[in-house]
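Right, I'll just put the structure down here and ask away after.
Chain lettering (A, B, C and D) follows the sequence in which the chains are written, and residue indices restart at 1 in each chain.
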Amino acid sequence: MSKARDFSLRDKFATYNSMEVVEVAQGFARARLDVKPQHHNGLGTVHGGVLFTLADLAFAAASNFGEDTVVGINASMSFFKAASQGVLLAEAREVTRSAKLVAYEAKVTNDSGDIIAVFQGTGYIKSNSRVQK
Amino acid sequence: MSKARDFSLRDKFATYNSMEVVEVAQGFARARLDVKPQHHNGLGTVHGGVLFTLADLAFAAASNFGEDTVVGINASMSFFKAASQGVLLAEAREVTRSAKLVAYEAKVTNDSGDIIAVFQGTGYIKSNSRVQK
Amino acid sequence: MSKARDFSLRDKFATYNSMEVVEVAQGFARARLDVKPQHHNGLGTVHGGVLFTLADLAFAAASNFGEDTVVGINASMSFFKAASQGVLLAEAREVTRSAKLVAYEAKVTNDSGDIIAVFQGTGYIKSNSRVQK
Amino acid sequence: MSKARDFSLRDKFATYNSMEVVEVAQGFARARLDVKPQHHNGLGTVHGGVLFTLADLAFAAASNFGEDTVVGINASMSFFKAASQGVLLAEAREVTRSAKLVAYEAKVTNDSGDIIAVFQGTGYIKSNSRVQK
(Lines give C-alpha, C1' and ligand atoms only; values in the text may rest on other atoms or scores of the structure.)
Protein backbone atom coordinates (compact mmCIF):
# COMPACT_ATOMS: atom_id res chain seq x y z
CA MET A 1 0.00 0.00 0.00
CA SER A 2 1.37 3.43 -0.86
CA LYS A 3 2.32 5.86 1.92
CA ALA A 4 -0.27 8.32 0.63
CA ARG A 5 -3.06 5.76 0.73
CA ASP A 6 -1.90 4.51 4.10
CA PHE A 7 -1.99 7.99 5.57
CA SER A 8 -5.44 8.65 4.09
CA LEU A 9 -6.93 5.52 5.60
CA ARG A 10 -5.69 6.26 9.11
CA ASP A 11 -7.42 9.65 9.01
CA LYS A 12 -11.05 8.76 9.77
CA PHE A 13 -12.45 12.28 9.38
CA ALA A 14 -10.85 12.76 5.96
CA THR A 15 -12.02 9.32 4.83
CA TYR A 16 -15.56 9.91 6.10
CA ASN A 17 -15.63 13.10 4.02
CA SER A 18 -14.17 11.54 0.84
CA MET A 19 -10.80 13.28 1.03
CA GLU A 20 -7.61 11.44 0.22
CA VAL A 21 -3.88 12.04 0.08
CA VAL A 22 -2.82 11.33 -3.49
CA GLU A 23 0.88 12.16 -3.24
CA VAL A 24 3.27 12.52 -0.34
CA ALA A 25 6.99 13.05 0.03
CA GLN A 26 9.35 14.70 2.52
CA GLY A 27 7.97 18.24 2.95
CA PHE A 28 5.24 17.92 0.33
CA ALA A 29 1.80 16.37 -0.03
CA ARG A 30 -1.23 16.70 -2.27
CA ALA A 31 -4.77 15.90 -1.10
CA ARG A 32 -7.84 15.62 -3.30
CA LEU A 33 -11.58 15.96 -2.97
CA ASP A 34 -14.38 15.43 -5.46
CA VAL A 35 -17.00 17.94 -4.24
CA LYS A 36 -20.42 16.49 -3.37
CA PRO A 37 -23.53 18.14 -1.90
CA GLN A 38 -22.54 17.16 1.65
CA HIS A 39 -19.48 19.44 1.37
CA HIS A 40 -21.64 22.57 1.04
CA ASN A 41 -22.40 25.25 3.60
CA GLY A 42 -25.76 27.03 3.94
CA LEU A 43 -24.96 29.26 0.94
CA GLY A 44 -24.48 26.31 -1.42
CA THR A 45 -20.72 26.67 -1.74
CA VAL A 46 -17.93 24.50 -0.35
CA HIS A 47 -17.74 24.91 3.43
CA GLY A 48 -14.71 26.67 4.91
CA GLY A 49 -14.31 23.62 7.13
CA VAL A 50 -13.91 21.43 4.04
CA LEU A 51 -11.20 23.70 2.62
CA PHE A 52 -9.46 23.80 5.99
CA THR A 53 -9.64 20.02 6.43
CA LEU A 54 -8.28 19.35 2.94
CA ALA A 55 -5.34 21.72 3.51
CA ASP A 56 -4.74 20.36 7.01
CA LEU A 57 -4.74 16.80 5.65
CA ALA A 58 -2.01 17.69 3.15
CA PHE A 59 -0.07 19.52 5.90
CA ALA A 60 -0.33 16.51 8.24
CA ALA A 61 0.69 14.02 5.56
CA ALA A 62 3.73 16.04 4.51
CA SER A 63 4.91 17.02 7.98
CA ASN A 64 4.56 13.47 9.37
CA PHE A 65 6.19 11.80 6.35
CA GLY A 66 9.48 11.06 8.09
CA GLU A 67 10.19 9.77 11.60
CA ASP A 68 8.91 12.85 13.42
CA THR A 69 5.44 13.15 14.90
CA VAL A 70 4.24 16.68 14.20
CA VAL A 71 1.08 18.11 15.72
CA GLY A 72 -0.53 21.30 14.45
CA ILE A 73 -0.51 24.14 16.95
CA ASN A 74 -1.77 26.98 14.81
CA ALA A 75 -3.22 27.47 11.37
CA SER A 76 -4.43 30.51 9.48
CA MET A 77 -6.54 30.34 6.35
CA SER A 78 -7.65 32.98 3.85
CA PHE A 79 -10.60 32.33 1.56
CA PHE A 80 -10.46 33.87 -1.93
CA LYS A 81 -12.98 32.35 -4.22
CA ALA A 82 -16.10 30.25 -3.70
CA ALA A 83 -16.16 26.73 -5.15
CA SER A 84 -19.28 24.65 -5.55
CA GLN A 85 -18.42 21.58 -7.60
CA GLY A 86 -15.63 19.66 -9.34
CA VAL A 87 -12.30 18.56 -7.94
CA LEU A 88 -10.36 20.46 -5.30
CA LEU A 89 -6.67 19.89 -4.66
CA ALA A 90 -4.64 21.02 -1.66
CA GLU A 91 -0.87 21.10 -2.00
CA ALA A 92 1.18 21.57 1.15
CA ARG A 93 4.85 22.57 1.07
CA GLU A 94 7.30 22.97 3.93
CA VAL A 95 8.48 26.56 4.34
CA THR A 96 10.93 25.97 7.15
CA ARG A 97 11.77 23.54 9.95
CA SER A 98 13.65 24.20 13.18
CA ALA A 99 14.38 21.82 16.07
CA LYS A 100 10.88 22.18 17.50
CA LEU A 101 8.70 23.83 14.87
CA VAL A 102 7.70 23.43 11.24
CA ALA A 103 5.93 25.92 8.99
CA TYR A 104 3.87 24.85 6.02
CA GLU A 105 1.93 26.64 3.37
CA ALA A 106 -0.90 24.94 1.50
CA LYS A 107 -2.88 26.19 -1.47
CA VAL A 108 -6.31 24.87 -2.38
CA THR A 109 -7.12 25.08 -6.09
CA ASN A 110 -10.09 24.11 -8.25
CA ASP A 111 -9.88 22.20 -11.53
CA SER A 112 -9.27 25.42 -13.48
CA GLY A 113 -6.21 26.06 -11.32
CA ASP A 114 -7.80 29.04 -9.53
CA ILE A 115 -6.66 29.53 -5.96
CA ILE A 116 -9.65 29.00 -3.67
CA ALA A 117 -7.89 29.35 -0.33
CA VAL A 118 -4.44 29.70 1.20
CA PHE A 119 -3.45 27.96 4.45
CA GLN A 120 -0.46 28.58 6.71
CA GLY A 121 0.20 25.96 9.37
CA THR A 122 2.64 25.80 12.26
CA GLY A 123 3.42 22.43 13.81
CA TYR A 124 5.23 21.30 16.92
CA ILE A 125 7.67 18.39 16.57
CA LYS A 126 6.75 16.04 19.41
CA SER A 127 9.26 13.28 18.90
CA ASN A 128 11.90 12.37 16.43
CA SER A 129 12.67 8.76 17.10
CA ARG A 130 11.04 5.48 16.21
CA VAL A 131 11.06 4.38 19.84
CA GLN A 132 8.82 7.19 21.04
CA LYS A 133 6.30 6.50 18.32
CA MET B 1 -38.52 25.74 13.76
CA SER B 2 -35.93 27.58 15.80
CA LYS B 3 -33.39 29.83 14.08
CA ALA B 4 -30.58 27.66 15.43
CA ARG B 5 -32.10 24.47 14.04
CA ASP B 6 -32.92 26.18 10.77
CA PHE B 7 -29.33 27.35 10.36
CA SER B 8 -27.97 23.90 11.20
CA LEU B 9 -30.12 22.17 8.60
CA ARG B 10 -29.09 24.48 5.79
CA ASP B 11 -25.42 23.68 6.47
CA LYS B 12 -24.97 20.30 4.73
CA PHE B 13 -21.37 19.75 5.80
CA ALA B 14 -22.12 20.40 9.47
CA THR B 15 -25.19 18.17 9.33
CA TYR B 16 -23.30 15.38 7.57
CA ASN B 17 -20.76 15.50 10.38
CA SER B 18 -23.31 15.58 13.23
CA MET B 19 -22.68 19.19 14.24
CA GLU B 20 -25.54 21.48 15.16
CA VAL B 21 -26.12 25.05 16.23
CA VAL B 22 -27.86 24.87 19.61
CA GLU B 23 -28.17 28.58 20.37
CA VAL B 24 -27.96 31.70 18.26
CA ALA B 25 -28.52 35.41 18.83
CA GLN B 26 -27.18 38.67 17.45
CA GLY B 27 -23.40 38.39 17.77
CA PHE B 28 -23.41 35.03 19.55
CA ALA B 29 -23.87 31.36 18.75
CA ARG B 30 -23.10 28.00 20.28
CA ALA B 31 -22.52 24.86 18.22
CA ARG B 32 -22.31 21.31 19.58
CA LEU B 33 -20.79 18.01 18.59
CA ASP B 34 -20.93 14.59 20.19
CA VAL B 35 -17.56 13.09 19.19
CA LYS B 36 -17.69 9.82 17.26
CA PRO B 37 -14.89 7.73 15.69
CA GLN B 38 -15.36 9.40 12.30
CA HIS B 39 -14.23 12.71 13.83
CA HIS B 40 -10.74 11.36 14.57
CA ASN B 41 -7.48 12.02 12.76
CA GLY B 42 -4.73 9.45 12.24
CA LEU B 43 -3.54 9.89 15.83
CA GLY B 44 -6.90 8.96 17.34
CA THR B 45 -7.79 12.46 18.51
CA VAL B 46 -10.37 14.90 17.18
CA HIS B 47 -9.25 16.22 13.78
CA GLY B 48 -8.24 19.89 13.52
CA GLY B 49 -10.72 20.15 10.67
CA VAL B 50 -13.53 19.12 13.04
CA LEU B 51 -12.54 21.79 15.58
CA PHE B 52 -12.28 24.36 12.81
CA THR B 53 -15.64 23.41 11.30
CA LEU B 54 -17.41 23.53 14.67
CA ALA B 55 -16.00 27.00 15.41
CA ASP B 56 -16.71 28.21 11.89
CA LEU B 57 -20.30 26.96 12.16
CA ALA B 58 -20.83 29.01 15.32
CA PHE B 59 -19.15 32.03 13.67
CA ALA B 60 -21.37 31.72 10.57
CA ALA B 61 -24.56 31.31 12.59
CA ALA B 62 -23.84 34.33 14.77
CA SER B 63 -22.55 36.64 12.05
CA ASN B 64 -25.45 35.85 9.70
CA PHE B 65 -28.13 36.09 12.39
CA GLY B 66 -29.47 39.47 11.24
CA GLU B 67 -30.13 40.79 7.75
CA ASP B 68 -26.50 40.85 6.64
CA THR B 69 -24.84 38.12 4.60
CA VAL B 70 -21.36 37.67 6.00
CA VAL B 71 -18.73 35.51 4.33
CA GLY B 72 -15.55 34.44 6.07
CA ILE B 73 -12.41 35.85 4.52
CA ASN B 74 -9.82 34.76 7.06
CA ALA B 75 -9.64 32.56 10.10
CA SER B 76 -6.85 31.63 12.46
CA MET B 77 -7.01 28.77 14.93
CA SER B 78 -4.74 27.68 17.76
CA PHE B 79 -4.92 24.15 19.12
CA PHE B 80 -4.27 23.68 22.83
CA LYS B 81 -5.40 20.32 24.03
CA ALA B 82 -6.28 17.07 22.30
CA ALA B 83 -9.84 15.75 22.67
CA SER B 84 -10.89 12.24 21.81
CA GLN B 85 -14.45 11.72 23.06
CA GLY B 86 -17.43 13.34 24.75
CA VAL B 87 -19.19 16.57 23.83
CA LEU B 88 -17.46 19.57 22.28
CA LEU B 89 -18.98 23.04 22.28
CA ALA B 90 -17.93 26.04 20.21
CA GLU B 91 -19.06 29.47 21.34
CA ALA B 92 -18.60 32.38 18.96
CA ARG B 93 -18.81 36.01 20.07
CA GLU B 94 -18.58 39.17 18.00
CA VAL B 95 -15.51 41.23 18.88
CA THR B 96 -16.24 44.18 16.59
CA ARG B 97 -18.19 45.14 13.46
CA SER B 98 -17.45 47.96 11.02
CA ALA B 99 -19.27 48.87 7.79
CA LYS B 100 -17.57 46.11 5.83
CA LEU B 101 -15.94 43.75 8.30
CA VAL B 102 -16.76 41.71 11.38
CA ALA B 103 -14.37 40.03 13.81
CA TYR B 104 -15.35 37.02 15.87
CA GLU B 105 -13.65 34.90 18.45
CA ALA B 106 -14.76 31.35 19.13
CA LYS B 107 -13.61 28.98 21.85
CA VAL B 108 -13.98 25.23 21.61
CA THR B 109 -14.33 23.48 24.98
CA ASN B 110 -14.76 19.89 26.11
CA ASP B 111 -17.29 18.69 28.71
CA SER B 112 -14.88 19.50 31.55
CA GLY B 113 -14.79 23.11 30.34
CA ASP B 114 -11.16 22.85 29.17
CA ILE B 115 -10.31 25.02 26.19
CA ILE B 116 -9.39 22.75 23.29
CA ALA B 117 -8.91 25.41 20.62
CA VAL B 118 -9.34 29.13 20.00
CA PHE B 119 -10.57 30.53 16.67
CA GLN B 120 -10.43 34.10 15.36
CA GLY B 121 -12.51 34.81 12.26
CA THR B 122 -12.80 37.85 10.02
CA GLY B 123 -15.84 38.20 7.80
CA TYR B 124 -16.79 40.48 4.95
CA ILE B 125 -20.33 41.93 4.97
CA LYS B 126 -21.62 41.33 1.45
CA SER B 127 -25.06 42.86 1.70
CA ASN B 128 -27.22 44.32 4.36
CA SER B 129 -30.72 44.31 2.96
CA ARG B 130 -33.34 41.66 2.35
CA VAL B 131 -33.60 42.68 -1.28
CA GLN B 132 -29.99 41.88 -2.08
CA LYS B 133 -30.27 38.49 -0.44
CA MET C 1 10.15 50.87 40.09
CA SER C 2 6.87 49.28 39.04
CA LYS C 3 6.84 45.97 37.15
CA ALA C 4 5.10 47.69 34.24
CA ARG C 5 7.74 50.39 33.99
CA ASP C 6 10.51 47.86 34.45
CA PHE C 7 9.18 45.75 31.58
CA SER C 8 8.80 48.79 29.33
CA LEU C 9 12.37 49.91 29.86
CA ARG C 10 13.87 46.53 29.02
CA ASP C 11 12.06 46.57 25.67
CA LYS C 12 14.27 48.81 23.52
CA PHE C 13 12.07 48.78 20.43
CA ALA C 14 8.95 49.75 22.36
CA THR C 15 10.85 52.48 24.20
CA TYR C 16 12.39 53.84 21.00
CA ASN C 17 8.88 54.13 19.58
CA SER C 18 7.33 55.78 22.68
CA MET C 19 5.26 52.78 23.75
CA GLU C 20 4.97 51.80 27.38
CA VAL C 21 3.34 49.18 29.54
CA VAL C 22 1.08 51.05 31.95
CA GLU C 23 -0.44 48.11 33.83
CA VAL C 24 0.54 44.49 34.20
CA ALA C 25 -0.71 41.54 36.25
CA GLN C 26 -0.84 37.77 35.89
CA GLY C 27 -2.52 37.16 32.54
CA PHE C 28 -3.25 40.83 31.79
CA ALA C 29 -1.41 43.92 30.61
CA ARG C 30 -2.20 47.29 29.09
CA ALA C 31 0.21 49.17 26.83
CA ARG C 32 -0.15 52.77 25.71
CA LEU C 33 1.00 54.96 22.85
CA ASP C 34 0.52 58.65 22.16
CA VAL C 35 0.46 58.74 18.33
CA LYS C 36 3.07 60.97 16.66
CA PRO C 37 3.90 61.51 12.98
CA GLN C 38 6.65 58.88 13.07
CA HIS C 39 4.00 56.22 13.74
CA HIS C 40 2.34 56.79 10.36
CA ASN C 41 2.49 54.69 7.22
CA GLY C 42 2.55 56.08 3.68
CA LEU C 43 -1.22 56.72 3.78
CA GLY C 44 -0.98 58.98 6.84
CA THR C 45 -2.57 56.54 9.26
CA VAL C 46 -1.02 54.53 12.08
CA HIS C 47 1.20 51.78 10.64
CA GLY C 48 0.08 48.16 11.03
CA GLY C 49 3.51 47.50 12.53
CA VAL C 50 2.76 50.03 15.29
CA LEU C 51 -0.55 48.35 16.13
CA PHE C 52 1.14 44.94 16.08
CA THR C 53 4.02 46.09 18.28
CA LEU C 54 1.70 47.69 20.83
CA ALA C 55 -0.41 44.53 21.08
CA ASP C 56 2.69 42.31 21.17
CA LEU C 57 4.16 44.46 23.96
CA ALA C 58 1.05 43.94 26.08
CA PHE C 59 1.08 40.21 25.25
CA ALA C 60 4.76 39.90 26.22
CA ALA C 61 4.32 41.84 29.46
CA ALA C 62 1.32 39.77 30.56
CA SER C 63 2.64 36.38 29.52
CA ASN C 64 6.06 36.96 31.13
CA PHE C 65 4.67 38.42 34.35
CA GLY C 66 5.35 35.32 36.46
CA GLU C 67 8.37 33.04 36.57
CA ASP C 68 7.90 31.62 33.08
CA THR C 69 9.74 32.86 30.01
CA VAL C 70 7.27 32.89 27.16
CA VAL C 71 8.29 33.51 23.56
CA GLY C 72 5.79 34.29 20.84
CA ILE C 73 5.57 31.64 18.15
CA ASN C 74 2.59 32.88 16.18
CA ALA C 75 0.40 35.95 16.06
CA SER C 76 -2.54 36.93 13.91
CA MET C 77 -3.91 40.45 13.66
CA SER C 78 -7.03 41.89 12.04
CA PHE C 79 -7.25 45.59 11.26
CA PHE C 80 -10.68 47.23 11.55
CA LYS C 81 -10.42 50.96 11.62
CA ALA C 82 -7.71 53.44 10.71
CA ALA C 83 -6.31 55.67 13.46
CA SER C 84 -4.23 58.75 12.85
CA GLN C 85 -3.82 60.60 16.14
CA GLY C 86 -4.54 60.54 19.87
CA VAL C 87 -3.88 57.78 22.36
CA LEU C 88 -3.98 54.08 21.52
CA LEU C 89 -4.29 51.39 24.16
CA ALA C 90 -3.63 47.67 23.77
CA GLU C 91 -5.08 45.34 26.38
CA ALA C 92 -3.90 41.73 26.38
CA ARG C 93 -5.74 38.95 28.25
CA GLU C 94 -4.82 35.31 28.64
CA VAL C 95 -7.32 33.00 26.94
CA THR C 96 -5.78 29.71 28.04
CA ARG C 97 -2.49 28.18 29.23
CA SER C 98 -1.34 24.58 28.97
CA ALA C 99 1.98 23.04 30.03
CA LYS C 100 3.79 24.34 26.94
CA LEU C 101 1.57 26.94 25.28
CA VAL C 102 -0.31 30.12 26.12
CA ALA C 103 -2.97 31.90 24.06
CA TYR C 104 -3.63 35.59 24.38
CA GLU C 105 -6.04 38.01 22.81
CA ALA C 106 -5.30 41.71 22.66
CA LYS C 107 -7.53 44.55 21.52
CA VAL C 108 -6.20 47.90 20.38
CA THR C 109 -8.60 50.79 20.99
CA ASN C 110 -8.51 54.52 20.34
CA ASP C 111 -9.49 57.21 22.85
CA SER C 112 -13.16 56.95 21.83
CA GLY C 113 -13.07 53.25 22.75
CA ASP C 114 -13.36 52.10 19.12
CA ILE C 115 -11.63 48.83 18.34
CA ILE C 116 -8.83 49.54 15.87
CA ALA C 117 -7.35 46.05 15.68
CA VAL C 118 -7.59 42.62 17.27
CA PHE C 119 -4.53 40.44 17.95
CA GLN C 120 -4.33 36.74 18.80
CA GLY C 121 -0.98 35.49 20.04
CA THR C 122 0.32 32.03 20.79
CA GLY C 123 3.40 31.67 22.99
CA TYR C 124 5.71 28.82 23.88
CA ILE C 125 6.69 28.45 27.56
CA LYS C 126 10.46 28.04 27.48
CA SER C 127 11.19 27.65 31.16
CA ASN C 128 9.31 27.80 34.39
CA SER C 129 11.88 28.08 37.11
CA ARG C 130 13.97 30.88 38.49
CA VAL C 131 17.10 28.82 38.01
CA GLN C 132 16.74 28.52 34.25
CA LYS C 133 16.21 32.24 33.91
CA MET D 1 14.01 58.68 -7.46
CA SER D 2 13.31 54.96 -7.62
CA LYS D 3 9.86 53.60 -6.80
CA ALA D 4 11.37 51.60 -3.95
CA ARG D 5 13.03 54.63 -2.41
CA ASP D 6 9.93 56.71 -2.97
CA PHE D 7 7.77 54.17 -1.17
CA SER D 8 10.23 53.93 1.72
CA LEU D 9 10.29 57.67 2.29
CA ARG D 10 6.53 58.00 2.45
CA ASP D 11 6.41 55.39 5.22
CA LYS D 12 7.38 57.39 8.33
CA PHE D 13 7.37 54.47 10.75
CA ALA D 14 9.63 52.35 8.57
CA THR D 15 11.97 55.29 7.99
CA TYR D 16 12.08 56.17 11.70
CA ASN D 17 13.13 52.57 12.38
CA SER D 18 15.77 52.39 9.62
CA MET D 19 13.85 50.04 7.34
CA GLU D 20 13.79 50.55 3.61
CA VAL D 21 12.31 49.01 0.50
CA VAL D 22 15.23 48.04 -1.71
CA GLU D 23 13.35 46.44 -4.60
CA VAL D 24 9.77 46.58 -5.78
CA ALA D 25 7.84 45.28 -8.77
CA GLN D 26 4.30 44.13 -9.52
CA GLY D 27 3.55 41.50 -6.88
CA PHE D 28 7.02 41.49 -5.32
CA ALA D 29 9.08 43.63 -2.95
CA ARG D 30 12.15 43.28 -0.77
CA ALA D 31 12.69 45.34 2.39
CA ARG D 32 15.90 45.56 4.37
CA LEU D 33 16.99 46.35 7.91
CA ASP D 34 20.40 46.60 9.48
CA VAL D 35 19.71 45.51 13.07
CA LYS D 36 20.64 48.00 15.80
CA PRO D 37 20.14 47.89 19.58
CA GLN D 38 16.87 49.84 19.33
CA HIS D 39 15.34 46.92 17.41
CA HIS D 40 15.67 44.55 20.39
CA ASN D 41 13.01 43.31 22.79
CA GLY D 42 13.55 42.70 26.51
CA LEU D 43 15.32 39.40 25.79
CA GLY D 44 17.99 41.02 23.60
CA THR D 45 16.69 39.62 20.33
CA VAL D 46 14.94 41.37 17.45
CA HIS D 47 11.41 42.37 18.49
CA GLY D 48 8.47 40.56 16.89
CA GLY D 49 7.14 44.01 16.02
CA VAL D 50 10.28 44.70 13.98
CA LEU D 51 9.91 41.46 12.02
CA PHE D 52 6.21 42.18 11.47
CA THR D 53 6.87 45.74 10.34
CA LEU D 54 9.60 44.70 7.91
CA ALA D 55 7.33 42.04 6.36
CA ASP D 56 4.36 44.40 6.29
CA LEU D 57 6.49 47.07 4.59
CA ALA D 58 7.40 44.65 1.80
CA PHE D 59 3.75 43.53 1.55
CA ALA D 60 2.54 47.16 1.31
CA ALA D 61 5.15 48.13 -1.28
CA ALA D 62 4.39 45.15 -3.51
CA SER D 63 0.60 45.26 -3.21
CA ASN D 64 0.44 49.03 -3.83
CA PHE D 65 2.89 48.98 -6.72
CA GLY D 66 0.26 49.46 -9.43
CA GLU D 67 -2.77 51.73 -9.54
CA ASP D 68 -4.68 49.98 -6.76
CA THR D 69 -4.73 51.13 -3.16
CA VAL D 70 -4.53 48.04 -1.00
CA VAL D 71 -5.02 48.13 2.76
CA GLY D 72 -4.12 45.23 5.01
CA ILE D 73 -7.05 43.63 6.75
CA ASN D 74 -5.40 40.62 8.31
CA ALA D 75 -1.91 39.30 8.83
CA SER D 76 -0.55 36.21 10.50
CA MET D 77 3.08 35.71 11.43
CA SER D 78 5.04 32.72 12.70
CA PHE D 79 8.39 33.20 14.41
CA PHE D 80 11.01 30.49 13.89
CA LYS D 81 14.43 31.65 14.90
CA ALA D 82 15.70 34.51 17.02
CA ALA D 83 17.92 37.12 15.36
CA SER D 84 20.02 39.63 17.23
CA GLN D 85 22.29 41.37 14.75
CA GLY D 86 23.24 41.71 11.10
CA VAL D 87 21.00 42.37 8.13
CA LEU D 88 17.41 41.15 7.86
CA LEU D 89 15.56 40.96 4.56
CA ALA D 90 11.82 40.55 4.03
CA GLU D 91 10.64 39.37 0.63
CA ALA D 92 6.93 39.60 -0.13
CA ARG D 93 5.32 37.74 -3.03
CA GLU D 94 1.72 37.81 -4.23
CA VAL D 95 -0.02 34.46 -3.81
CA THR D 96 -3.30 35.41 -5.43
CA ARG D 97 -5.49 38.42 -6.28
CA SER D 98 -9.25 38.53 -6.81
CA ALA D 99 -11.47 41.55 -7.53
CA LYS D 100 -11.45 42.67 -3.89
CA LEU D 101 -8.71 40.77 -2.09
CA VAL D 102 -5.02 40.03 -2.38
CA ALA D 103 -2.98 37.42 -0.51
CA TYR D 104 0.73 37.79 0.09
CA GLU D 105 3.38 35.72 1.73
CA ALA D 106 6.56 37.26 3.07
CA LYS D 107 9.64 35.55 4.46
CA VAL D 108 12.12 37.27 6.74
CA THR D 109 15.66 35.91 6.47
CA ASN D 110 18.97 36.73 8.15
CA ASP D 111 22.28 37.17 6.34
CA SER D 112 22.93 33.41 6.44
CA GLY D 113 19.68 32.88 4.58
CA ASP D 114 17.94 31.28 7.59
CA ILE D 115 14.21 31.89 7.78
CA ILE D 116 13.50 33.97 10.87
CA ALA D 117 9.76 34.46 10.39
CA VAL D 118 6.98 33.84 7.88
CA PHE D 119 4.17 36.34 7.29
CA GLN D 120 0.84 35.85 5.49
CA GLY D 121 -1.08 39.02 4.68
CA THR D 122 -4.54 39.61 3.28
CA GLY D 123 -5.36 42.98 1.76
CA TYR D 124 -8.52 44.68 0.62
CA ILE D 125 -8.40 46.54 -2.72
CA LYS D 126 -9.96 49.92 -1.98
CA SER D 127 -9.80 51.53 -5.37
CA ASN D 128 -8.42 50.72 -8.75
CA SER D 129 -8.35 53.95 -10.67
CA ARG D 130 -6.13 56.99 -10.69
CA VAL D 131 -9.12 59.21 -10.15
CA GLN D 132 -10.10 57.67 -6.85
CA LYS D 133 -6.57 57.98 -5.55
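Note that a residue touches a chain if its C-beta (ideal position, glycine included) is under 8 Å from a C-beta of that chain, and two chains touch if they have at least 3 such contacts.
Bear in mind the structure is a predicted one, so any value in this text is a computation, not a measurement.
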>> As a test of understanding: of all chains, whose mean C-alpha position lies farthest from that of chain B?
In response: D
> Pick the pair with more C-beta contacts: B-C or C-D?
Replying inline: C-D
> Quick one: chain A and chain C, Cα centre-to-centre, how many Å?
Replying inline: 32
> When the C-alpha atoms of chain B and chain C are each averaged to a single point, how far apart are the two points in Å?
Replying inline: 27
> In whole angstrom, what separates the CA-based centres of chain C and chain D?
Replying inline: 20
> By residue number and range, which residues of chain D touch two or more other chains?
Replying inline: 73-74, 76, 78, 101, 122
> For chain A, which residues count as touching chain C in their complex?
Replying inline: 73-74, 76, 100-101, 122, 124
>> Show me the residue ranges of chain A that touch chain B in the complex, using the header's touch definition.
In response: 7, 10-17, 37-43, 47-50, 52-53, 56-57, 60, 64, 69, 71-79
> So in the complex, which bits of chain A are touching chain D?
Replying inline: 74, 76, 78, 80-81, 95-96, 98, 101, 103, 105, 107, 115, 118, 120, 122
